[in-house]
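Below: a set of structures, written as structure tokens.
Both complexes shown next keep subunit A, but they swap its partner, so subunit B is in the first and subunit C is in the second.
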Partner chain A sequence: MKLSARWSGWTLASPTILFMLAFFVFPSLFLLVYSFWKASSFQITPAFQFDNYVRALTDELFWRVTFNAVIIGLMSAVVCMAMALPVGYYLVFVSRSRLLEQIILVTWFSSYLVRIFAWRTLLGNDGVINTVLQSLGLIDAPIEALLYSRFAVGVTLIHLYLPYCIILVMTAFHEIRQDLIDASRDLGRSQVGAFFSVVVPNASAGLVGAFMLTLIMTMGDFVTPQMLGGTTGQTTGLLIADQFRRTGNWPLGSAQAVIMFLLVVLIFVAVIVAGRTLGFIPKRRKQRAV
Partner chain B sequence: MILRIFVALVISFLVAPLLIIVLFSFHATASLSFPFQGLSLRWYAALFEDAQLGDAMLTSLLVALVTAVATLVLGMCASLAWLRLGGRARAAVEAVTITPIALPGLFIGVSLLIALALFQVSLGKVTIIIAHIVISMPIVMIAMRARLALFDTMLEEASRDLGANSLYTFRKVTLPLIMPTLVSAAVLTFAISLDEFIVTGFVSGTETTLPMFIWSMMRRTVTPMINAISTVILIATLAILLISSHIERTRRAQSLRARESE
Partner chain C sequence: MTNGKTTPALTTAPTRRGLLRMSAGLAGSAVLMRLTSSAAWAAPSGDLQIMAWEGYDLVPELQAWRDANGVKVETTSMTSQDDVHTKFMAGNPPPFDLAEYNQAYANLYIDQLGITTPIDPVAVPNFNADNIFEQFLGKAEWERDGKLTGVPWIWGFNTSLYNAEAMAEPKSYKDFLAPELKGKIAIVDDSVTMWPVTARVAGLGAKYPNLTRDELSAAFAELAKYRDQARMIALNMGDVATALASGDVVAVLCADPAVIKMTEELGGKLKMAVPEEGVVLWVDAWFVPPSADNVETALAFINEALSPQAQADICMRLNQAPVSKQAVALMDDAARTRIDYNNLEAYFAGGLPGIPPLESEEFATYDDWISAWQEFKAGI
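What follows is the complex of A and B.
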């Protein structure tokens, strides 16, 4: 009986697994292999050489846009978390408002391009923000730096990925039992104190996950920088995308993508180490005899 | 109190830009800023006269429909399998189906493009659909996992012990229990596919989907026509989400009631 259940299980799983292996797992692994291939003027030949990596890492432009991507990504992800933590806390432990949850879901599912377009019209020279500030007499000429800057990219990315971040934070908070918070409040902790001493450490795995996933999304987004970044707000994502759209050095683009992936892993390790030292992530507990 | 004000501010930050888009889609002039100069439906009328827009819309609807049905079938297989597998096998199924949600579209699009080029697959509607299924699978699996955690395999076994064959058991016991979740997830998939832009751009070849058409419009000009089409999309998304949550809730209530009355 057990054996046949397992057999039928694998049979049923096979179409889905094969599909995902063929169109997701294999391509992802192949990207890594491909980054070592050789691209000469018109041909791409299988090889194992580090030219693409050397070329990527010695390119001044690559460093500049990667610096941009990391700064923009980190800032947006930090602001997203700073907004998502209170909102998540409110929706999980204070009000459980279904309406607000639905609104957040709707904004998450509302069109990606529409939201980018919204910020472009809001931040433009004759956009809503500039015209309102001008008519109030607060500024004489439109603030041109609003659009086509790191700031514009950052604000738009926050708007794009905040709902995603809130949903992840709420999932992390759902794991915590309300009585833990009540106990800490009964013992005289303030609401903010209870938040940092009970909620954050207990949900730390989920919260680190939420932060990292938001960071991956904000760092990897290349449409927003293209639309709103101007010349100063370009990122690695855009550089990589362009390799596959215009100039066409695919192996180089793959190498750049792998470097970016490694960078994310590095940031992940740094976040864990920082969280442990600051005490937000509990160190692995030793078994204590009672 | 401070918390409440903060939450209100965050929610308005999320919603306000969308409302402004909707507002200016009804603007009488081509200007996208205040002062507001009267209402008009001219930008909506302009949408209907754009033949290319119509083509792009049809392509997107077709792609979204096929994606939703395919994801529904694949999701059903995977969730039935999930019920029958042990811990480690479950983890493996989850790993290959849920991971895409943790990767940026850029990564998925680029790697899929390279793999397709390796086997010289020509790009078009089919490759767009494949990409959309990859992206939608995590949503379906996350929804199913939450639902199946409450699923009682004893019901299936009981049905078979009572002499029902496995096809009958599937039709009368398993399917009614998982269907609401699957359908509501498939509806979400439809919405995701309709809006997908990043990955689509890499694997579309010469096809143009609705988001790609809007993108080319956005690059050319700033016109309230974009606001009008955006508003249509926003309302469609809202409708789709409402349908999805309605299916999930009413069907689940029905099956609970049916179970109680038996």
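What follows is the complex of A and C.
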């Protein structure tokens, strides 16, 4: 029996669809429903009210911490993209080296926590950087600002998520035919010009995906800021976790999570609008009926 | 006879796991035996699922008992007390046979959440006045209406820890505010420990946990001075031990003395100091949740945990204190002299700290304290 292309597609996608339904869509719906419920003294009761949203949206702490998370996420994502674009371009269009790709993947062989502790070893008072600087006579005392600071959080997040970003950028670049770049160059574009007029617009969907995924992962990371942020490690993720773990106020935690989700959607829309305005993302053309 | 006490097993519906494990005949016999004689509790056996602090599941101490009875213990480690009640708040609580609660959470667990079940003291013969210090008997933290809701089994206190080579011994928490210690101290993200300290540094320790909202604000304003002085708010004990061993910080405001051993294992040196504001006591108790399906073995486990030898062994291993009087003589000199066991009243004179009220018009509630703690950590 030969399946139609449509049914083949459904069949191939069905495991993923079922998985996402079970472990993303339905839990997200539960979260949405919970966000309208009430909680008092660890007792949760069904209701339909907006008190949790009002409380979250008028909470200075929630906004300050969320703003902090967005700034950390945006900075990390921008730096990751700035570093991933030339590397991705080089690996896809210049070198095509499988070895370099494998080297990038090697960084994933160690665990997330091990890498965080490795940065502690590098940045600490007795760490590699301070020791080298001291032995070279460049500093008299260890630079304490290296560790337990926003700098430490930023450096570690970039280290953790840069490989993801590079792989995603490479995937986006793989879609672009070399002929298009050559044609652009034949028509007088410089290498940089060809990159921005051909590569970026054609890879825009993948590049936006790489940026957003890096942003979401760095924005939502609450372990790195806690372990390396010193006294600045509070994050929205921890606030939400506290509502579920410490106060038993699942409805408020759900409302905060929904707000965070909507915030990410808002950032996504803003990135698309900014990309179209700057000409990096081609505007959709309405298809005319023939 | 059960002396009229309802055994946990009789109040708990059998689960699929239990049904699969027991044949119908054996189950009938066990129920009949339980109804007729308290001494006829079934022998411990099978799987025991427990939730405990890392290292507190008595793996080395009870190995012989486990081997002799064919008991297999599966431990889920908890990193904070919140891990326990979060699991039981879910619609389908996990089938733990045994878990731990800190005395501060007694009212929440017993009265509010109802996640403890009565424990038949006959099944825990080591929990008796000859073996157990009086500070742990007949207290509201572990009893309701004359029924045992939890069995206290280990205790200790959190206090200031410091590197004697890097600073002088602190006599008060205020000593940590010395200018030369700026950026050299750590605070642990442990609300059960830090909330009483917060009240104490503001001179409101005697009122804790019943502070008004204004007093709460004043207390956290005072604690903010310590945050400004601190280099890190550590995630947990391991986190702070790493920072102490590497020399990134030289002291921790208030933490479990178990950190001393952890720091020493990492090559650091650490001493304990008792500030004039006092230490923060804690007592951990075993409780049997309603979802337990191997109650006999759970109670036998508790009983073994209270045996003088097991008590002595685990307290020496973890630098903590036993609830068993008889265990003191079995400990080495270092463990025996760390605490004045002839003067335990002095340690418990200030009472055991609880958590703030869940609901109150007059006092700051548990939610208020959580918010204040979150703001403290966010630098507000």
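Observations, loosely collected:
One rule holds in what follows: the second predicted complex is superposed on the first by the 255 of 290 C-alpha atoms of A that agree within 3 Å, B and C clash if a C-alpha of one lies under 4 Å from a C-alpha of the other, contacts with A are read in each partner's own complex, and residues count from 1 in each chain.
One rule holds in what follows: a residue touches a chain if its C-beta (ideal position, glycine included) is under 8 Å from a C-beta of that chain, and two chains touch if they have at least 3 such contacts.
Keep in mind that what you see is a predicted model, and the values were worked out from it rather than measured.
When the two complexes are overlaid on their common chain A, residue A:A194 makes contact with neither subunit B nor subunit C. Shared-chain residue A:F244: touches subunit B and subunit C both. Shared-chain residue A:L147: touches subunit C; no touch with subunit B. After overlaying the two complexes on the shared chain, residue contacts for A:Y89 are found with subunit B alone; subunit C is out of touch. Legend: residue contacts after superposition of the two complexes on their common chain; A:D221 is shown touching subunit B, with no touch to subunit C. When the two structures are aligned on the shared chain, A:L157 is found in touch with neither subunit B nor subunit C. Of the two partner chains, neither subunit B nor subunit C is touched by A:A77.
In the superposition on chain A, A:T16 contacts subunit B only, with no contact to subunit C. In the superposition on chain A, the chain among subunit B and subunit C reaching more residues of subunit A is B. In the superposed model, A:S40 makes contact with subunit C only, not with subunit B. Subunit A uses residues 117, 120-121, 124, 126-127, 227, 244-245, 250 to touch subunit B in one structure and subunit C in the other. The part of subunit C that touches subunit A in the complex is made up of residues 80, 82-83, 85-86, 89, 108, 112-113, 183, 187, 189, 191, 227-228, 230-233, 235, 239, 242, 246-248, 358-359, 366-367, 370-371, 374-375, 377-380. Of all the residues in subunit A, the ones that touch subunit C in their complex are 40-44, 60-61, 64-65, 68, 117, 120-121, 124-127, 144, 147-148, 226-227, 230-234, 238-239, 242, 244-250. For subunit B in complex with subunit A, the residues that touch the partner chain are 3-4, 6-7, 10-11, 13-15, 17-18, 20-21, 24, 31-35, 73-75, 77-78, 80-86, 89, 93, 96-97, 99-100, 102-108, 110-115, 117-118, 130-131, 133-134, 137, 188, 191-192, 195, 197-198, 201-202, 211, 214-215, 218, 222, 226-227, 230, 233-234, 237-238, 240-241, 245. Within the complex, the subunit A residues that touch subunit B are 5-6, 8-17, 19-21, 23-28, 30-31, 34, 83, 86-87, 89-91, 94, 100, 102-107, 109-122, 124, 126-128, 130-132, 135, 159, 162-163, 213, 216-217, 219-223, 227, 237, 240-241, 244-245, 250, 253-254, 257, 261.
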